[in-house]
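Shown next, in C-alpha cells, is the structure this report addresses.
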Amino acid sequence: MMPILSMIVLIPLIFAALALLTKTKEQARAIALAGTVIVLLLTVYMYFNFDSTIADNQFKELVPWVESLGINYHLGVDGISMPLILLNAIVLPLLVLFTWNDDRKSPNKFYAFILATEGAVIGVFTALDFFLFYIFWELTLIPLFFMVSIWGGPNKHKAAIKFFIYTHVASLVMLLGIFGLYFAAWDMTGTPTLDIPTLIAQFQFIESGIAKDMIFLALLFGFIVKIPSFPFHSWLPDAYTEAPTAGSVLFVMLKIGGYGLFKIMLPMLPFTASPNLMITIMASLGSVSILYGAFLALSQKDLKRMVAYSSVSHMGYVTLGAAGLVSLSVSGAMFQQFSHGLIMSIMFMSCGIIKNVTGTRIINDLGGLAQKMPKLAVIMVLTFMASLGLPGLSGFIAEVSVLAGSFVNLPSYVMIALVAIVITAAYHLWALQRAMFGVYNEKLGTVTDINTYQTLSMGVIAILILYFGLNPSPVLEMMLTNSEQIVSLMAVMGV
Amino acid sequence: MDLMLLAPEIVIALTGLAVLLIGLFLPTGSKKILGYLASLGVLVALGLTISSLGTEALVFYDTVSIDALSQFFKIVFLVVALLFTISGIKYTEGNSNTEEFFALGLFATIGMMFVASANDLMVLFVAFELASLATYALAGFEKNNAKSLEAAMKYFIIGSLSAALMLLGISYVYGATGTTSIPEVAANAGILASSPMGIVAVVLLIAGFGFKIALVPFHMWAPDTYQGSPSVVSALLAAGSKKMGIVAALKVFVVALIALQAEWQTAFAILAVITMTYGNVVALNQTSVKRMLAYSSLAQAGYITMAFVVLTPLALGGGIFYALSHGFMKAGAFIATAAVTYMVLSENKESPDPDHIDNFRGLGKRMPVTALCMTIFVFALAGIPLTAGYMSKFVLFSSTIQAGFAWLAVIAILNSAISLGYYAKIVKYMYFLPTDSEKVAEPYPYTVAMVVAAVGVLAIGFWSEPFIYWAMEAAKVLVGGM
Amino acid sequence: MAVGDFAFLIPVLPALAFVLTFFLGKKLPSGGAIIPIVAIATSFVISLLITLNLLANPEEVVSQSYSWFAMLNIGILVDPLAAVMLTMVTLVSLLIHIYSVGYMSHDKAPSRYFAETALFTASMLGLVLSDNILQLFICWELVGVCSYLLIGFWFEKPSAATAAKKAFLTTRVGDVMFLAGIIILFSDLFKIFNGTIPDGVYILRFDEIFAHIPDIAAMNANIFGMEVSHITLITLLFFGGAVGKSGQFPLHVWLPDAMEGPTTVSALIHAATMVTAGVYLVARTFPMFIAAPDSLMVVAYVGAFTAIFAATMGIVMNDLKRVLAYSTISQLGYMMLGLGVGAAIGAEAVGISLFHLINHAFFKALLFLCAGSVIHAVGTHDMRQLGGVAKVMPITAATMVAASLALAGIGIPGTSIGTSGFFSKDAIIENAYLFGDTTGAWIPYALSIVAALLTSLYIFRLLFMTFYGKPRTDYGGHESPGSMTVPLSILAVFALFFGGLTSKTFNTFVSETFVNNFVNMDIHELASIGGYHLASHGGHHEPLIILWMPLIVALAGFVIAFLIYGLKIVNMDSLVSRNNPIYKLLYNRYYQNAIFTDFFSVKVIYEGFAFAGRAIDRGFDWTVNWFSDLTLEAGESLRQFQTGAVQNYATAVITGVSLLVILIKVVMEVI
Amino acid sequence: MIPIAFYLALAAILFSIGLYGLMTQRSGIRILMCVELMLNAANLNLVAFSSYNHDLTGQVFALFSIALAACEAAIGFAILMALYRMKDTISLDHINVLRW
C-alpha cells in the first residue's frame, strides 16, 4: 500500500517550498489550497480505513535511518493522533479560504509557513521515533516564529523571541528526558533505540526510582509548557495576541503538548516511582489552570487577549482529564483538544475580523456590531456558547466527560474546576454583550459584514462544532479505545 | 616507506609553492587563476584523503601516523581550506599579493594536517607552529587596515606566549618520560603523574592548546582577532585552527597523558562550563556580527570540550563529529559575513565597521541566497533539528547524560537555549527589519562557498550515518590508548 | 403501531421548524410563523394522544434509549408525569405562537423571533422527554440559552442585553450545582459498577439511578466535618439547579429583569414552561428526594419562603409585568412547597405540585398575554398611567378577571366548583398543614397562608389599578386582533374549568408515575432509607377551618384591594413614599440588586479576584523577563573584561594558568 | 656535575622574567624580546633534560624550536613594522580599537 503517512507529512512541506517560489498572491493561495485539500482528502481516506476498535498504531512505516544510534524513520497513527490529524487537515484548508482575499506583504512566505506548520504538526502526531518526534516538534517552532515576527502586531518581535526561547527551553528539557530514557533502555537491552513504543515499554524496567521520576518530570515539563498549563503559560498570551489571525489559528492547531501527555506520559505514569505524586501534580496544574485562566480572561480588556487566556483555561481540562485516569475523563481530555481546536479557530478568526473592520480589539470600544454584521454575530454567538460549554456543542461533551470522569478519582480538583464554569460564562457573555449587542458605537465608522470566503470557512467549522456536539462518536470512539487501554495499565499497577 | 600515504600533504605543499611562484610572474589583473589553482589542489588532496580512508600506517620513523583520527581531521581541515580558497577567489580580487594569501592559507592547512597525523610531540609542536605562523600573517593580510593589523598583533603575541607555555610543558613531559613519541610517553606517563611536574605540565599544555581552542581565559585574543582579520581568514581560524587545537589536545591528553586523566579532566570540566557560559552570555549583546560569531565559537568550543570531561567512546566520537559540523557551520557563517562585508564595502569604501549588524537589515531582500545560507548556519549553530548542529549536539549531549554527567548536560542545554537569543537576533535583522537599500548582485565565489557549506550542514544533519560512523572510528583510535 | 412510537417527533418537529424558520423565515409572510405553528400543533396532537392512551392503560409507558457515547445514552421516556407536561407545554406554546403572530406583527425581525421560540419549544420538550439525567441537563441548558436569546431579543436595547446576561449568569450558578450533582451521581454509580459497565447499561438513565438509590444513600461524604449522605448531597445540588431555573430565593433576581423581552416570551418561558423546569426536575427525581428527607425539608422551607417573599414585593410594583413576574416566583414557591410536603405524604406530592404547575401555566400565561395585549394596545407598562382599560378592551379585561380569580384561588371547598387555581393551591396548603401535623414544622403552612392573602391582594390591586375606574392618562387604545383574543379566550376556559374537571383523576394519574413506571419502587421503602415514615394515607382529616382558610384569606385580600384601590378609602400617598422604610425596602426589592449584582459579582468577583489574578500573572511574566534581562546584564558586564590591551590578555592567560594549577590541586585534594 | 634542579630553576627564572616583561612592557619590541626569552627558557629545559636523560631528542627539539623562534621573530617584526607605518607608534597601549 502507499506510504500515506509520509504523504500527509511531506506534501505540505513540498507545497510549502512551491509556495515560496510563487510571485503573486493568487498563485500562492492556490498552491496552499491545493496542498491542504490534498492532505484533507488523504486524511479522510485514512480515516475511513482506520480501525477504531484497536489501540495499536496503524499505517506504520519503518525505514532505518541512523543504525549506529538506533534512529529509524518510523511513522504510525492511533486513536490519539488520528483525530488531531483530522483536525489539522480539516481546519487548514478553511484557514486558507479564510485568508483568501486578505492583502498582506509577501503572501508566498505566508502560505508557505501555513503549509510548513501543517506538515510539522502532522509530523509530530505521526512520529513513532523520538528522534523524528523531536525534529518535527522543533520544526513547528520555526514557521510560527516567522509568522509572528513578520505579520504580527506592534510588539511582535518581543513576543516572537519570548515564545521561541521559552518553548525551546522546554523542548530542550524534554530532550534531556528523552536522552535519559534512551540510555537507560540502551544499558538494559544493549542495543540503542529511539523507538517510542519500545522505549515506553522499557521504562518500567529501569531500576532507579529517582531516574524514572526525573525522566518523567523532564518529559512532562516539555509537554506542560506547550499545552500550556499554569504557571508556564506566560508565553502564550503575548504570542497568541501578537500573532496574525492565521498565526493564532495555527497556534491553536498546535496540540502537540496534550498529545505528548496522552501518547507518552500516561503509559509511563503507572510505572513511575511515585505515580500519585505525578497525578497530583498534573491534576493541580490542570484545575488551577482552568480557574486561573478564567479569572484572567475575565479581567482582560483586549478581546483577543481574553480569548488567549480562555484557551489556557480550556487546556486545563486536558491536563485534568489526563490525570483523571478514567477512560471517560482521558478520552474527554483528548476530545477537548479536538473541540478546542475547532472552537478557538473561530474565536480567533472573529477577533481578526473585528480588528480589521473596526481597527480595535478593546472590548469597551466596540458595541452593537450585531446590527451591522449579522452573519458574524450568529457564528460568534454559537462559538462563544460552545466555548462556555453549552450542551449540544462540542465543548460540552469534552468538559462533562472530563469533569464526570475525573471526579471518580480527583473530586476536590473537579470542584475547583466547577467554580470556573460560572466565571467562564461570565466573561464570554460580558464580551458578547459589550462587543456585539447594545447600541452601535458610531465612532467605529461604517463596517461591512464578513465576506463569502470567511462565512464559508467559519460556517463549516461552526457546523462541525455543532455536529460533534451532537454526535461525538466518530472521533470519540477511537479515543475511548486508546484511553481504555491506557487505563487498563493503571488498573494493572493498581494506581 | 610509501610517500603515497602523504600524498594529500604533498599535493597541498606543491600547490602552495606553485601558487607562490606563479604569482610572482602574473600581473595583478590575472591573479584570479591562482585561486582556482589553489582550490583545485585542495580538491585533489581532499579526493586523495577520502580515497585513502581506512588506511593505517606509521611513516617518518613512526613520528607521523595515518589512522582514522588523522584522516577524519584532515578531511575537516581540507574542507575548511576548500571553502577558504573558493571564497578567497573573490576576496583577493584585484589584490597584488594574492599568491601570498593562498600560499599562506595552504601552508597553514599543511600544518593542521600534520598536527592531525602527528605521532610525536616534536612533530606536533612544529606543525602547530607552522599553522600558527601562517595564520599570524594571514590575520594581518590587510596591510592598510588598522583593525587587521591590531588583530594580527594580538593574535601573534598571545600565540607566541602560548607557544612558549606549550613548549615548556612539553619540555617537562619530555623530562619526566625521556621521550617525545606519543605512544612511549603514554607508556611512561606514570612517572610524570607521580612527580610534581605533572600538574604543571598538564596546565601548561592546556594553556597552549586552550589558546587555539579559545577556552576562557586563554581566549582573549579570539574575539578581537576574529573581528579584526578578514572574514575569510576568520573562517579559517575559527573553523580550521580551532580544530587543530582540539585534535592536538585529543592526542596529547587522551592518548599521551591518560595517566594524568584525573587532573586534566577536572581542568577541562571547569574550562568547558566557564567557556560555554561566558561565550553565550557575552555574545548576547554584540553589535559586530563577526565578534558575535567569535563568542559563539567560544561557546561551541566549550561544548566540544565536554568530550574531554565525559571521555566515553561515544562522547569522544561526538566531540570529533561536532568538530566536523562546526567546521561547516562556522566557516559558512563567516563567509556569509564576508559576502556582506564585501557588499557594504563595494557600496561605501570608507564604511567604518562593515560587519556591524545593521548592515544585515533586510538582507533577506538584498541578498536572498546569502541570507538563506546564513539562516541555515545560525539555526545549525543553535542546534535546530535536521542540521549538522543538532545532530552533533544530540550525540555529544546524549553521551554526557549516558556517562552520568547530567549536571554538565543541563548547563550545556541551558546554554544552547541562551544562544538562541543572539542567533534569532541575526535572523530578525535579516528578515524582519525593514531596509531602504535595494537588491544587490551576490558575489558568486562567496555564494558557491556558502552553498557548499550549507549543503554540507544539511547533509550531515540529515544523512548523518556515515559521518557518525567515521567519527566513532576516529574515537576508537583514541580509546585504544585507554 | 402504537402512538408512542411517534413520541420522538414531539421535540423533533419544532427543531425542524427552527431550522426552516431560521433560514427561510425572512422570505415568508409574518416571519414564517406558520412553520412552527404547524409543527407544534402536530406535537400537541401526538402528546395529547399519548396522554389519553396512558390514561386508558397506564402501563403503556413509552421508553426508548439509544447509545450516545461511552456509557451515556439519549432516549425518550413518556410516563404520566412527562405526558401531562408535554401536553401542557405544546398547548401553551401553540397558543402563544398564534398570539405572537399578531403581537410581533410590527417587529422588524419576526423570523428570528419565531425561530428562537421554536428552538425553545423543542428544547423544552426534549427536557420533558429525557429518560436520563444528562440529556435533561443538556436541554435544561438549551432552554436557558433560548431564554437568554429571547430576553435579549431587542439586543440593541442595552437594558435588554444586560438583563439577558444577568438571567443567564444567575441561572448558570444553579446549573453548575446541578452539574455537580450529576457528576457526583455519575462517579457514585461508576464506583457501584466499579468501573466496568456492561453493554446496554446506560448509567445515567433514571431507572438505573433509582435502582441504585440504596447504594448511593449508603455512601457518605464528609463536608466541613458533617457526615452527609451522598443522596442528600446530590438531591440538594439538584434542588440548587431548580432554585436557579425556577427563580427560588435567593437566585430569583433574574426573573423580574427578564421582563425586558417581548411579553409573549415572558408568558411562554418565564411563566408557563421554562421556569417550571426546576419543579419538573425535582418531581422527576422525586424518588431520590424521598430517600433524602433533609432535602425535602429544605425544598419545603425554601418554597414557602419564596412564596411569601416574592408576594410582598408583588404588592408594591407599579410595572404591570413585574407584578406578574413576582407572582410567578411566588407561585413557583407554592409548587416547591407542594413537592416539599412529600416528606409527609410521599409520591402524592408530585401529583399536587404538578397539578398546580399545569393550572398555573394556564392562568399565568393568560395573565401575561392579557398584559401583553394591554401593552400592545396602549404602549406602556406602568399601571399608574392606566385605569379603566376594561371599557376599551372588554375581552382582554374579562379574560384577565378569569385568570385573576384562578390565581387568587376562588372556589368552594368540598365541592368541585371553583377555578383551577383553587383546587391545586388549596391542595398544597392543606398538605402543608398535614406536613406540619406530621413533622411538627408549621412555618411552611403559616407562610403559605399569609402568601395566599398577599396573592389575592396584589392581583386584585393590579386589576383595579389597570381596568377599573377612569383613565389616568389619555392613552389611545383598542381591542386586540382576533389572532390574540382567541388564544386568550381558550386559555381563560382552561384557567377556569381545567382544575375542576380533572382534580379527581389528575393526582392519582401522575402519582402513579413512579409506582408503575420504575419497576418495584416502593415509596415507603425509599422513605425508610431516609430513616422516617410517611403519614398513613386517608387517615387524615383536616379541621374544617383549614379547608376554608385559603378561601377566606383570598376573599380578604380581594376586599382590602377593593377598599384601597377600588373605593380609594385609604390615601395611598402617605404609605407610598420614600420615607416609609417598609415601602422603601419592598420597592427596592430588599436591595438584592445592590447586594448580588453590584457588590458580589462586580466588586468581589470582577474587581477582586480577576484583578488579583492579573497581578499574579504580571508576576509570572516579570519572572520570565527577569531571566532574560539578567543574562543580558551579565553579558554587558562580562564583556568589560575584554579591555583591548594585549598585556591584559597576557595577564589573563598567566592568571588562568596559575588559578588552574591551584584549582586542580584543591579538587584533587578534595576527591 | 650540576644537578638538574639548577637548570630547571634557571629556566623557571628566565621564563618568569619573560612573563613579567610580557605583562608589564608597553613597547612591542620589548614584548617580542620577552617572548624570545620564554622560548629560550623552554629550550634550556629541553637541553638540560636531554643531557640528563642521555637522549638526543631534546637537543634536536631545541634546534627546531630555535628555528621556529626565528620565524616568529620575523613575522612579529613584520606585523609591528606595519603597525608602526600606520600609527607611528609601537606602544601597544594605544592599539585597542578592538575590544568588548
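The first chain written gets the first letter, and so on, giving A, B, C and D; residue counts start at 1 in each chain.
Criterion: contacts are C-beta pairs under 8 Å (C-beta built on N, C-alpha and C of every residue); 3 or more make two chains touch, one makes a residue touch a chain.
In this text the structure is predicted, and so the values were computed from the model without any measurement.
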Notebook entry, point to check: Based on Cα centres, what is the most central chain?
Noted result: A
Next item on the list: Pick out whichever of the two, B-C or C-D, is joined by more C-beta pairs in contact.
Entry: B-C
Next item on the list: Take the average of all CA coordinates in chain C, do the same for chain D, and state the distance between these two points in whole angstrom.
Entry: 97
Notebook entry, point to check: What whole-number Å value describes the gap between the mean CA coordinates of chain B and chain C?
Noted result: 78
Notebook entry, point to check: How big is the gap, in whole Å, between where the Cα atoms of chain A centre and where those of chain B centre?
Noted result: 43
Check: So what's the Cα centroid distance for chain A and chain D, whole Å?
Finding: 65
Item checked: Sequence positions of chain C contacting 2 or more other chains -> 628, 639, 642, 644, 646, 650
Note to self: At least two partner chains per residue is the criterion; list those residues in chain D.
What the structure shows: 22, 31, 92, 95-99
Item checked: Touching two or more other chains - residue numbers and ranges from chain B -> 153-154, 157, 161, 165, 223-224, 421
Checklist line | Chain-to-chain touches, reported pairwise for every pair that qualifies | finding: A-B, A-C, B-C, B-D, C-D
Next item on the list: Spell out the residues on chain A that touch chain C in their complex, using ranges where they run on.
Entry: 162, 165-166, 231, 233-235, 292, 295-296, 298-299, 326-328, 331, 368, 370-371, 381, 385, 390-392, 396-397, 400-401, 403-404, 407-408, 411, 414-415, 418-419, 421-423, 425-426, 429-430, 433, 436-440, 472-473, 476-477, 480, 491
Note to self: Please output the residues of chain C touching chain D within their complex, sorted ascending.
What the structure shows: 639-640, 642-647, 650-651, 654
Next item on the list: Write out the stretch or stretches of chain B touching chain C in their complex.
Entry: 153-154, 157-158, 161-162, 165, 199-200, 202-204, 206-207, 210-211, 216-218, 220-221, 223-224, 262-263, 266-267, 270-271, 278, 281-286, 418, 421
Check: Residues of chain C touching chain A in their complex?
Finding: 68-71, 134, 137-142, 145, 148-149, 152, 155-156, 158, 161-162, 164-165, 168-169, 172-173, 176, 179-180, 182-184, 186-187, 190-191, 195, 601, 605-606, 609-614, 616-617, 620-621, 623-625, 628
Margin query: Taking the touch rule as given, give the residues of chain D at its contact with chain C in the complex, in rising order.
Written below: 19, 22-26, 31, 92-93, 95-100
